[in-house]
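Note that chain A is present in both complexes that follow, paired respectively with chain B and with chain C.
Presenting the complex of A and B:
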């Protein structure tokens, strides 16, 4: 009896071990698949041979020329500056707007609350690009096309619609905290500033992180708005141009170098703030 | 079925039960939805009636101050020491009148025709050339007319509020109660009226950059705004439902057939794409999360960080890189050729069906890290004692997965799945940056084989300037998304009854 039990345990342990080994192998394969493109990106950015691709994996000549070309021959630095400026301003404005909207919709009770939420739900179902033509002409009337300020307006204009995740977080903060403060005579404004905001640090960081990274990857609006003025491009628009058929042979390695330069700070930021990002994503997705 | 029977079922059966039940109830829920629309109008009608009732009441019962407010907004407030409100109402009225007289009116009267003369040639003696003088611009007429209508609505609301406020103030004073003065009003903005303070700026942005443009584009769908009707040189005009007819193949021109054909195939691919992109990511991401979180697996943080890196690298970088690596002359094909594994380049992105498969696979690569993160968070929330008791009852890990993990995950993440599905219907970046909608197919009008509705809309707008048709496609996309949300979003189900799962 005793014997069979230990045998069973031992065999179970053995099965467990094989299962774990298989999982480790799969995880390693996955890691390689997921990291390989970025590895290729770095290698290609250091490739000395020109052209879009080579028939061998590792370049024959290693060089930093692509980085030098990136900063001397191209307008990349301008684009980088543009994108940085836009994303910093967008981050500040968007975070404030999202926090205000979320607090109002989560904590305050007023007649238009439900209709407003339904309205934003319905507006969110329209494809974003549909309104671009109209926005373009509105901005043109204000002579703000091909201007970074116009782009900032486009990015921040409807940021109220991104309130879902933040409101979901505010909803989880116990109401009794507000009530206690209100009994002590605090106004709703005081409650927001002194009680809710300090507790909302994770979601504030999440909002900052997502709104900061969005302009770096946004192509649809910025390409339309900045059409024809390369000095106002964001990195995404400018770099896409390098991959057009007539440019790709000349600029592919430069593109890789630019991609590395763009990715490093954002990746560092993400890894640093990973915890908050995960919290925001998981919290928001479950509540919907 | 009684509750007890339901509770006896295994989680898996419960899920199946809820699933079938959901689709059984679908027709009645849709019917209820459409029945609720007339109800909404009835409610609105009653609201308007009650508003007129109040105006009548104010006209009958109001004193001279209230009655003067009918013409001079804010008069009733100012004379009752509510200076701030009164002055704001008055300023709004003056600005509104100036706006209408000097600006809004000009555009509004032309809304019916969208302008008569676009431009005329004038002989300029001094320079000795013909110069163009521009008159009506259909685009601006439409844009400013909509703006004017919105402002008029705002004015009507303000006017009504002004009367209502005036008569209420009068009644409060008649009852010898305290009437809020300017100081109270300012204080209220940080407290009982705090929502006005918080929401005014966000709502202004929303109106100018979302609501106004959407209304504008809805109107554009009923015009012939395209390359040959391009303001300011040309006018465009109302064409009724012509664009809709063209898109759905009812038009007489050969163009219409091609458009209908394109629309059908783009729509089909959009839905197929959204389905596969959503579910492949979901299940594979969940499996990866399960593997990383399995008991006994070490370096959990390392595996997670590796995947998070791929989220951190801006998506356009990874997508554009992939599009180059997978090109016919890209690195992967060159490598495979030089190793002698293949004789001809694999048409990853140049053959229609291959491109579709490639896009879905690359999307898995892009999307799994997100799903993995989300699933990790939820998996940790599954009560450990569930697994414990399953283990004691002799359930194998596979059984535990099928009976506990999967039903739980499906139950909790349904809202996420739906938003993902809807997001994928409008996923611009993946398609546009990866394949650009290509390969080109000559049977399709301005669209490639992998174009979604949204990228087709982009091409029609930016490259072809077919604004009328593009707006129709935008509206159709909206209807599709709305229908899917309506069918899929079971508010009464997983969202509200989160605790009911066990």
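Presenting the complex of A and C:
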């Protein structure tokens, strides 16, 4: 009897070890698949030989020339500035709109609340480019084509539709906190600023990140709106030009260098904000 | 510190569910009121309406002298402690407690003084710099209490504050909250589902069920005089034993026969004076309630008792100081499942009972409770509704007690014997019949006098305490009923009149003086329409009607206007009415008339005939929303 028990316990431990090994192998494979393109990109950006494809993996000559060319021979810096400006403004506006919409939908009860939420959800499911032509003509009427402001308007216009995840988070913050604060003398606005926002850090970070990354890499709308004015290009539009048949041989390694530079703000932003992704911010507020 | 007044408070959700129905209560300053009841009874909803966290569908809520129905929670000067503490997790204990004071922009040193004082009272000084998550449940609830008391509110609201604590901590915090109440001298309203908390803490308890108030009374009165079966079963541990049985009056004794059992006992009729005689027919089944401590296994008591039944013991629960012995008065009952024969007995002796043993138990019938099987309302109320007297009518003369009264023209009763019901509030002291006052007891602000007329006992609700001795009394003849063979042959006059009507919005063109010139202006006025007649509604009432029914429904919803027969004015305009006859009760006369709203009776200060116009006095008229049965005014 005793022996059987020990055997059973041992076999359970063994099974656990096997499972872990399999899991780790799968994870390593996935990581390699994910990281390999970026690794290749960095290597290509440091390649001295021009051209798009080579028959070898590692460069014969290593150089930073591509990075120097990027900032001296191209308009990359302008595009970079444009993209950064658009992304930062969109991030700020969109985060505020999303948070406020989500709070209202989570906490206030008003007529047509549910139909409105459903409508927003359904509208959000349609790809944005379906309305591209219409938006172009509207902006043209307002003389906002080839304008960064116009681009910001396009990006922030549908911000409120991204309420869903944020509202879900607000729903998990106990309503009794709002009620306690309201009895303590707070208005809805004070409750939002002083109680809800400090507790919603993870979702604020999430909103900031998603709001930033979307315009940072967006190509379709910006290429359509900025057509014909390279000084208003965003990085995605500008860099796409380097991959055209006539440019690709000359600019491929510069393109790779640009891609590395483009990834820096997002990586930095993520590393900086990662620490706020801590769990348990609401710990101890109400009985768990 | 303030009193509260809740008048006809309702909470109706958009889907029509009524969470709170016609809640009426006056709460005195510094009282400790406990709302108690099972889940979903509306106790928390009522508290949240007082706090301003839920809208009041209908009714009037006053804190102090102010109607606060539409006042924001922050402006009601109340504080609330939540079941789940609701502490702000990103703030320290100090900041949590100070939050409300900071929002009210109190000076920093005053905030500091109050926070440290509250922390000292609650013994949380050493935790002031900690975050809520670093504290235990009991400490968190103290912080929550601290946050409430620093505000020095007029009313403290506590919504099941101890439900999340363990049993030991709960007992400790219970005493601390009681101590806090004594120290703060503030009105406390406390919600709980735990009857022990309610009984130990409240100065008065409100028992609720399914949105209705079942009884409002002191803990002692609730325990001793539960008004219905629900209250009787809810208050007290272990739960009261309920048996089914019939009562049969045999001379001056009443035989109580227990259903599904052979048990029969006899009690003196004097114990059941307040009971309606129709229950004593030996056929009507009633619930007989006895608490575990009112049933005794003590052989000495059994020997001396007249109310002894046999119980088959099934099992027992040892509680240390006492033992709960379970059994059944039905010899084939199992004693485990809750049935109308199962019995729980509190036994303080160390006697050992074997399962299956049949023993004699003594029932303390002085403490018996009895309830109607259908309505579950007590048939032994503290203040009986009626006096039940044998009577006879011959040639229009009513013989009751020692008096012979000539019946007024309004009461035409065929000759014969019967039973007369006189409401206890229809008896007034004054010239009339002679009686002897046996006792006078104060019950919930009313005085119940027990009168003796010959051998007969009579109960009268009197306006003030009276001393034992001889008095003279009379009764209001229009309030009596006469029963013959269980059927009502004379009904009391209904003093309330219900009129169907509507609330209307009327647009009109009026004249207004602007810069000395009269100008025509478009205006809106609100009217009541009753029986084709229109009456101007005052602004305050109109506003209430619109608030309760909503602007969309206010002018399409059927209403019932409820007023007393005395509150009608006869004039040149109003509801057209045709006088049918004069109802003459001797000292008072009434006019019965037909109107578009049906037959209506009104008090007649003089003789009317033919066509008249009647108008209700709207300052004394109640208004009820007909479909949802909500009293708005």
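Methods note: the second predicted complex is superposed on the first by the 235 of 288 C-alpha atoms of A that agree within 3 Å, B and C clash if a C-alpha of one lies under 4 Å from a C-alpha of the other, contacts with A are read in each partner's own complex, and residues count from 1 in each chain.
In this text, a contact is a pair of C-beta atoms (placed from the backbone, for glycine too) under 8 Å apart; a residue touches a chain by one contact, two chains touch by 3 or more.
Being a predicted model, the structure only gives us computed values, none of them experimental.
Trainee: Of chain B and chain C, which one touches more residues of chain A?
Mentor: Of the two chains, more chain A residues are contacted by B.
Trainee: By the touch definition at the top of the document, which applies to A:142: first (chain B), second (chain C), both, or neither?
Mentor: In the superposed model, A:142 contacts neither chain B nor chain C.
Trainee: Which partner chains sit in contact with A:25 here, chain B, chain C, both or neither? Use first/second/both/neither.
Mentor: neither
Trainee: Answer with first, second, both or neither: which of chain B and chain C does A:125 touch in the superposed model?
Mentor: In the superposed model, A:125 contacts chain B only, not chain C.
Trainee: So, does A:195 touch the first partner chain B, the second partner chain C, both, or neither?
Mentor: second
Trainee: By the touch definition at the top of the document, which applies to A:97: first (chain B), second (chain C), both, or neither?
Mentor: first
Trainee: Taking the superposition on A as described, I'd like to know which of chain B and chain C A:181 touches: first, second, both or neither.
Mentor: second
Trainee: Can you pull the chain A residues that chain B and chain C both touch?
Mentor: 187, 190, 281-283, 285-287
Trainee: How about chain C: which of its residues touch chain A in the complex?
Mentor: Within the complex, chain C touches chain A at residues 51-53, 72-74, 78-80, 82-90, 99-100, 103-104, 131-135, 137, 140, 147, 151, 164.
Trainee: Which part of chain B faces chain A closely enough to touch in the complex?
Mentor: 139-140, 143, 187, 190-192, 194-195, 197-199, 201-203, 205-206, 208-214, 216-217, 220, 288, 291-292, 294, 296-297, 303, 305-318, 320-325, 327, 329-331, 333-335, 337-338, 365, 369-370, 373-374, 376-378, 412-413, 415-416, 418-419, 422, 426, 428-429, 432-433, 453-454, 457-458, 461-462, 467, 470-471, 474-475, 477-478, 481-482, 485, 495
Trainee: For the complex, which residues does chain A have touching chain C?
Mentor: On the chain A side, the touching residues are 174, 176-177, 179-187, 190, 195, 198-199, 280-287.
Trainee: So in the complex, which bits of chain A are touching chain B?
Mentor: It comes out as residues 16, 20, 23-24, 26-27, 30-31, 33-35, 37-38, 40-41, 44, 52-57, 97, 100-101, 103-104, 108, 110, 113, 116, 120, 122-123, 125-135, 137-138, 141, 153-154, 156-161, 187-190, 192, 213, 216-217, 219-220, 223-224, 227, 236, 239-240, 243, 248, 252, 255-256, 259, 262-263, 266-267, 269-271, 274, 277-279, 281-283, 285-288.
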